[in-house]
Amino acid sequence: MWNRNIETFLGCDGTYEESHIVIFGAPFDSTTSYRPGTRFAARTMRAESYGLETYSPYQDLDLEDARVFDGGDLELPFGDTARALDMIHSYAANVLADGRLPLLIGGEHLVSLPAIRAAAEKHPDLAVIHFDAHTDLRDEYLGNRLSHATVIRRVWDILGDGRIHQFGIRSGERAEWEWAREGHTNLRPFTFDGLAGAIEAVKDRPVYLTIDLDVLDPSAFPGTGTPEAGGVTFVDLMKATLRIIHGCNIVACDMVELSPPLDPSGTSTATALKLLREMLLALEEDFIRPQTA
Amino acid sequence: MWNRNIETFLGCDGTYEESHIVIFGAPFDSTTSYRPGTRFAARTMRAESYGLETYSPYQDLDLEDARVFDGGDLELPFGDTARALDMIHSYAANVLADGRLPLLIGGEHLVSLPAIRAAAEKHPDLAVIHFDAHTDLRDEYLGNRLSHATVIRRVWDILGDGRIHQFGIRSGERAEWEWAREGHTNLRPFTFDGLAGAIEAVKDRPVYLTIDLDVLDPSAFPGTGTPEAGGVTFVDLMKATLRIIHGCNIVACDMVELSPPLDPSGTSTATALKLLREMLLALEEDFIRPQTA
Amino acid sequence: MWNRNIETFLGCDGTYEESHIVIFGAPFDSTTSYRPGTRFAARTMRAESYGLETYSPYQDLDLEDARVFDGGDLELPFGDTARALDMIHSYAANVLADGRLPLLIGGEHLVSLPAIRAAAEKHPDLAVIHFDAHTDLRDEYLGNRLSHATVIRRVWDILGDGRIHQFGIRSGERAEWEWAREGHTNLRPFTFDGLAGAIEAVKDRPVYLTIDLDVLDPSAFPGTGTPEAGGVTFVDLMKATLRIIHGCNIVACDMVELSPPLDPSGTSTATALKLLREMLLALEEDFIRPQTA
Amino acid sequence: MWNRNIETFLGCDGTYEESHIVIFGAPFDSTTSYRPGTRFAARTMRAESYGLETYSPYQDLDLEDARVFDGGDLELPFGDTARALDMIHSYAANVLADGRLPLLIGGEHLVSLPAIRAAAEKHPDLAVIHFDAHTDLRDEYLGNRLSHATVIRRVWDILGDGRIHQFGIRSGERAEWEWAREGHTNLRPFTFDGLAGAIEAVKDRPVYLTIDLDVLDPSAFPGTGTPEAGGVTFVDLMKATLRIIHGCNIVACDMVELSPPLDPSGTSTATALKLLREMLLALEEDFIRPQTA
Amino acid sequence: MWNRNIETFLGCDGTYEESHIVIFGAPFDSTTSYRPGTRFAARTMRAESYGLETYSPYQDLDLEDARVFDGGDLELPFGDTARALDMIHSYAANVLADGRLPLLIGGEHLVSLPAIRAAAEKHPDLAVIHFDAHTDLRDEYLGNRLSHATVIRRVWDILGDGRIHQFGIRSGERAEWEWAREGHTNLRPFTFDGLAGAIEAVKDRPVYLTIDLDVLDPSAFPGTGTPEAGGVTFVDLMKATLRIIHGCNIVACDMVELSPPLDPSGTSTATALKLLREMLLALEEDFIRPQTA
Amino acid sequence: MWNRNIETFLGCDGTYEESHIVIFGAPFDSTTSYRPGTRFAARTMRAESYGLETYSPYQDLDLEDARVFDGGDLELPFGDTARALDMIHSYAANVLADGRLPLLIGGEHLVSLPAIRAAAEKHPDLAVIHFDAHTDLRDEYLGNRLSHATVIRRVWDILGDGRIHQFGIRSGERAEWEWAREGHTNLRPFTFDGLAGAIEAVKDRPVYLTIDLDVLDPSAFPGTGTPEAGGVTFVDLMKATLRIIHGCNIVACDMVELSPPLDPSGTSTATALKLLREMLLALEEDFIRPQTA
């Protein structure tokens, strides 16, 4: 009765030791050029997760059977980008070193960079699958090389040509599109068309899946800083995500760019949580199946 | 010139005596576990109804030709669930006893229970068609047997197996889904697939239609307390509703779970009003056609 | 370094002299009967345009290559409808007289009337293509002949039968629909079905394109005063708009009824801006192609 | 049981015949240059009045004992200023002709003009007491002579020098202040200092009291279109209002410029309602006392 | 590093065993007749408490030196008032039985009743000091005897005449005011005048302090369901609270009626947190001082 | 007629050459630990400045007579704190080198640091007067030495003991208060008491005035990230500011921490603008008077 108040994502109340998956929040939005607020995403998702069921009728699986540890939010220094990224890197690297799968909740998209770096350090042959409305391939933005608008370009600095597969993209500078078309990344615009090919292409590699939630159409996901009309539906995104998880060897992943201050009805937070539930169930399923196989 | 200020739903300015249909509001949300606010639904719909036309280009019918009485909102005691349900039951039973069709505007979904009970008392062979994102089949919720999360289970207590047809469902506890699958209800997940079969199944019965508006996708209907991504479109819902009304013998119906505080743009209220207009026109048409036939 | 603060629509920083297209705002919503706020549309779109890229991956064109002048917002007298319309007329007529294409940003739909009048004065054989949720064909509204609800009827006063092509319409009084069906306008309900026929019908005429953004479904565009469920998607609208621009001889156009106070997440403003970008790129393309041909 | 839904201001459920006071709403804000929304004031106040008690501990009086008729909102044509003002004038003149006291709820301040005109037609020696943050003494505004910013100048056109007493004023053009200082009006800036003198000055005249609620400090009344820091407190305003009512011969009055869309917490609406209650109680008290004297 | 995510009120991270004071939340607002939302108060205060310092320059004390346990929010059944009150009673009684001081965060004001009952069971000579805008002395409300509007009357059922001291009151039914004036409670209207007398009157009794935050003026505290203009300032309330704590023998206390959905700027939550900090510091000081004396 | 759209603060339409005062915005909030949004302050103030008069009845002066240049907003790189501060420093230093007075609009309080540094470089004997709710004297915050919470400590690094005068302070860590009390700054808590002494103390020095708008009570200024109850009123702040300007030799100044996303009613923006108007008028007056003397 006299326990302290513990707040976790829905059903993620495993201990670190017993868990396969480690969720943690990176409340960082300092390079956001437009409307900040993604720093509140993980915290708001935790607080609102009591509105969601643990059971998925899509997969007929229940989070109550999963073993997920929620590490809470990192305490990041706002305005000191380099140090914030270091802290995220360190956390992700520790989780990976312990043989667990880190699932990072942003924050702006830049927080993916140190997590991907940690994954690439452990898995040098890493590939990245990237869902987003935006290319994120600028080399610099307002003079900054570390920015939400440059993050996938920085990932390319690590991985090089042909290892990044982008879906749903519908916005960017002309130069970014041309650079992608030169073969640096596999950019599929607007939809998930070509997903099977990408899964085939990465089948022998460890994969990092990074989901910028603004890949969703603004009707389905208004709560984000740079909404782009013409996006995918929730069901499209959920199905694509499950296909990736079941078709690839996911070693780490993230979900970024939910901005609760732009979500007055709470639907975007609820949608992010539902996608998170489906991801956790599918990831956990993959952990369990090989063991029982 | 010196009349008092009368406020009704759009075009619902008939007298009780001359009307076929009686709309009334049940501003009750005391068992809402997540975000309350549905108590304001009927009042807000009335206030906003001047933004809608009385004419439907979908049905080529006009509310100006319909005879609908708006009884206003019941004055329900918040926090005394049993008494509030009694008052709703009494109102609905009186309307039914007078040979009129009650159309209840919630409030949370629990308000449907006493209206369905009244309908089942008059029509012991009643069937229920249920549009919702949620199963609402828990036997109890937080120790409560009377809750928005248990309402259809309580309806089953009245009607028994095979008389409840559920559509659009995409959320619930695993136990609820399993209980439904045991044959207690006919649960069709996610969409309106199977609607023709349900209409056929209830063709010899009086039917109560209960519409939880969160069956709509949150993109189409953000203004509700427990939004569930992956729902139906407005046009889907409108068409399914009209098919039910024209294909079944509707004796009473309701529309619940609009929450105006979660609808800052007013689109959800406008959408609920438009569905209400289409329902009223279709119901009235069915009243008139037999008379002229 | 010491220049004053100039604020324009995204990339619209040409001089008047060098530009083909002249954008200007008409911040007028005095006859709006429901929820005012469209007066803030142009100003808000300018302020938010830094969130959008100048490059379109849909058309592979870049606004940086276009020559568009942004004339800012007219200073209109609120409450003096006649004089406000005169000022809009005067501005549009001047732009047309200079051989440039006026692109008007409303404001409520009534602001289209003086711009269409100016276009019809220069081009007596003008046709109008009209995207909207509402017929706007009342002869008067609350005793007013000049109203957002009568604007297309007033356009008919100028153009007469058969010259107005309406798409996406799904709301109006019965009398308006009947009047349209008598052949006064070519009204296609609900969708863009029939667009090819309309383009064929106007192929020898100068065309004014007027887009009431509430033609979009409220899920895609909540930020408008009279949302009507059952509308088109953004991609539908964008494609229809580009087909019109490339298939017709557009001499003037407008985009009306964005209401920023009803757009708390900013998605409607972003969506309007994206459509504006696509329109500008397509219009500019048509200016340039004949020159190089 | 089967009555239609009547909605009135708190406790204002008298019939026209039996009432001393007639409240009516003038939902007009077409000349508002800044942020519209006052059209919703009367309607919102009615809807929210269930949150207020009928009893005043300040005056130890109860609205249940008062006889007040609520005539609802006039149906005014937006955008046709002249006709809207005519309709307000006509309503107020009728109420005055019947020996009743009209209490007008705005709308923007311009709605006071026709009500004052009606009062001055019946009472040629009328004086006006004016509470406001703004002078409202422009001769024209954006070329308009009929505007919320010119309303008291137009009142001066009717009444001439020395009959207008202004309190709480803290904003205006230099020319307006100079014009007032020339003796055209008795302008007391910032506070209610000098109220006793004004009451003395009008003691032999019928008085119209016009209260622009933005005389309150924005901390006490954020819900208005042109908030001006440095205003009076609610208790100051209530006391000044009661002193005027009990010290003068009030023949008509109004309360304007509440803008519900700018009042997300509802405190401004609640504050306006409380002031209205106190005004009604004090006015009714003055009706009754002479009768019993 | 691998601890679960614990969320407490600012600085309240003591264990139950070592703490003098036990904070707990009662997220219940089922009887709220007007605008619900107080159920979110404790949770929101915890989430926002990182915006406040632990140090008070008013008292020169620091929460880091205090020993306060935060028990989180009770899981109360919405809509089952009796059972919810029982659970609150049980928790408070347990804390009291352990010799600790319960500090309850509402929720609506009705949650105070079971806590006061628990305190009166342990301390039969209990007195209550009550800060509020509203009398809360109805015998029933909408037929309910257990309601936020009857809570102090129910407390009187327990304590009887002369043991309840009310301050800041400015709203209620006439009958409530008359009933209080008959001597059942010591009701001081509008302000804290008479506080010294009340402290003197209760000096030999254990005291329960119940603070309905709407005693504050709406300018200082807009985030509450039934705002009442004419209230006290934050500094007034803080000083009165500290005088009570230091002048009386407080055995339990509460703070109720913060409604986060009505607090879009977050100032009301911040203000409640600041008052809570000052209360905790003063209460802790009184625990420590006697020990060192 | 064909000029581009120029947007400036109210009446600040002078050229750089002819102006005494140069306003510029620093849209930076990357180190904000709580709720970001101050980046929008200057832009929102410009957009809303049409709601304010140019004339001040407090000073009987008119901005139309002032010569103020508005340089717009700097284009700062979010997330790269060092470079952003460099850009601010450079702009302020240039303005100072040209013999003009820079008036910086934040942004978070950290933006004051480079402006003060520029002023101290030109005026080595500079003193700082600081209005704020918070001490801002931490030596580091979350490991950061450059933060909104450390800004005045960094100013002390430049100026040393006894040259910083703080007013209105009511929040900080215990260590900050103790450090101030050791004589490093002259900290006056809660109010402007002691202002005359500070003016006397700095009478022979050039003075930088930095106003963190959260010195205002949240009732008067809700639109800020870390509201602190118990602050000063608008009239207090305006009077203190004018006393400083007229009593000291101001060489540069700023106004920071307005956060428009937290200001749904717009009252905080309007209040900041009004204070800005009064500051500009008083500063300009001081420029002109010596010239004519």
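Going by the order they are written in, the chains are A, B, C, D, E and F; count residues from 1 in each one.
Here is the rule we use: contacts are C-beta pairs under 8 Å (C-beta built on N, C-alpha and C of every residue); 3 or more make two chains touch, one makes a residue touch a chain.
Just so you know, these numbers come straight off a predicted model, no measurement behind them.
Although chain D and chain E carry the same sequence, what matters here is overlap: shared residue numbers make up under half of all numbers found at their interface.
Comparing the CA-atom centres of all chains against that of chain A, the greatest distance is found for D. Rotation angle, chain E onto chain F, C-alpha superposition: 120 degrees, expressed as a multiple of 5. A straight line joining the Cα centres of chain C and chain F is 42 Å long. We define each chain's centre as the mean of its Cα atoms; on that basis chain A and chain B are separated by 39 Å. Looking at chain C, one finds that residues 33, 35, 217, 219-220, 222, 264 touch two or more other chains.
All chain pairs that touch, listed by label, are A-B, A-C, A-E, A-F, B-C, B-D, B-E, C-D, C-F, D-E, D-F, E-F.
If you check the complex, the residues on chain C that touch chain A are 50-55, 57-58, 62, 217, 219-220, 222, 234-235, 238, 264-267, 270-271, 274-275.
The touching residues of chain D, when paired with chain C in their complex, are 29-33, 35-37, 39, 75-81, 83, 110, 141-144, 146-147, 261. The touching residues of chain A, when paired with chain C in their complex, are 33-35, 169-174, 177, 189-190, 217-219, 222-223, 225-230, 262-264. By the touch criterion stated above, chain A contacts chain E in their complex at residues 1-8, 13, 15-17, 43, 46-47, 69-73, 94.
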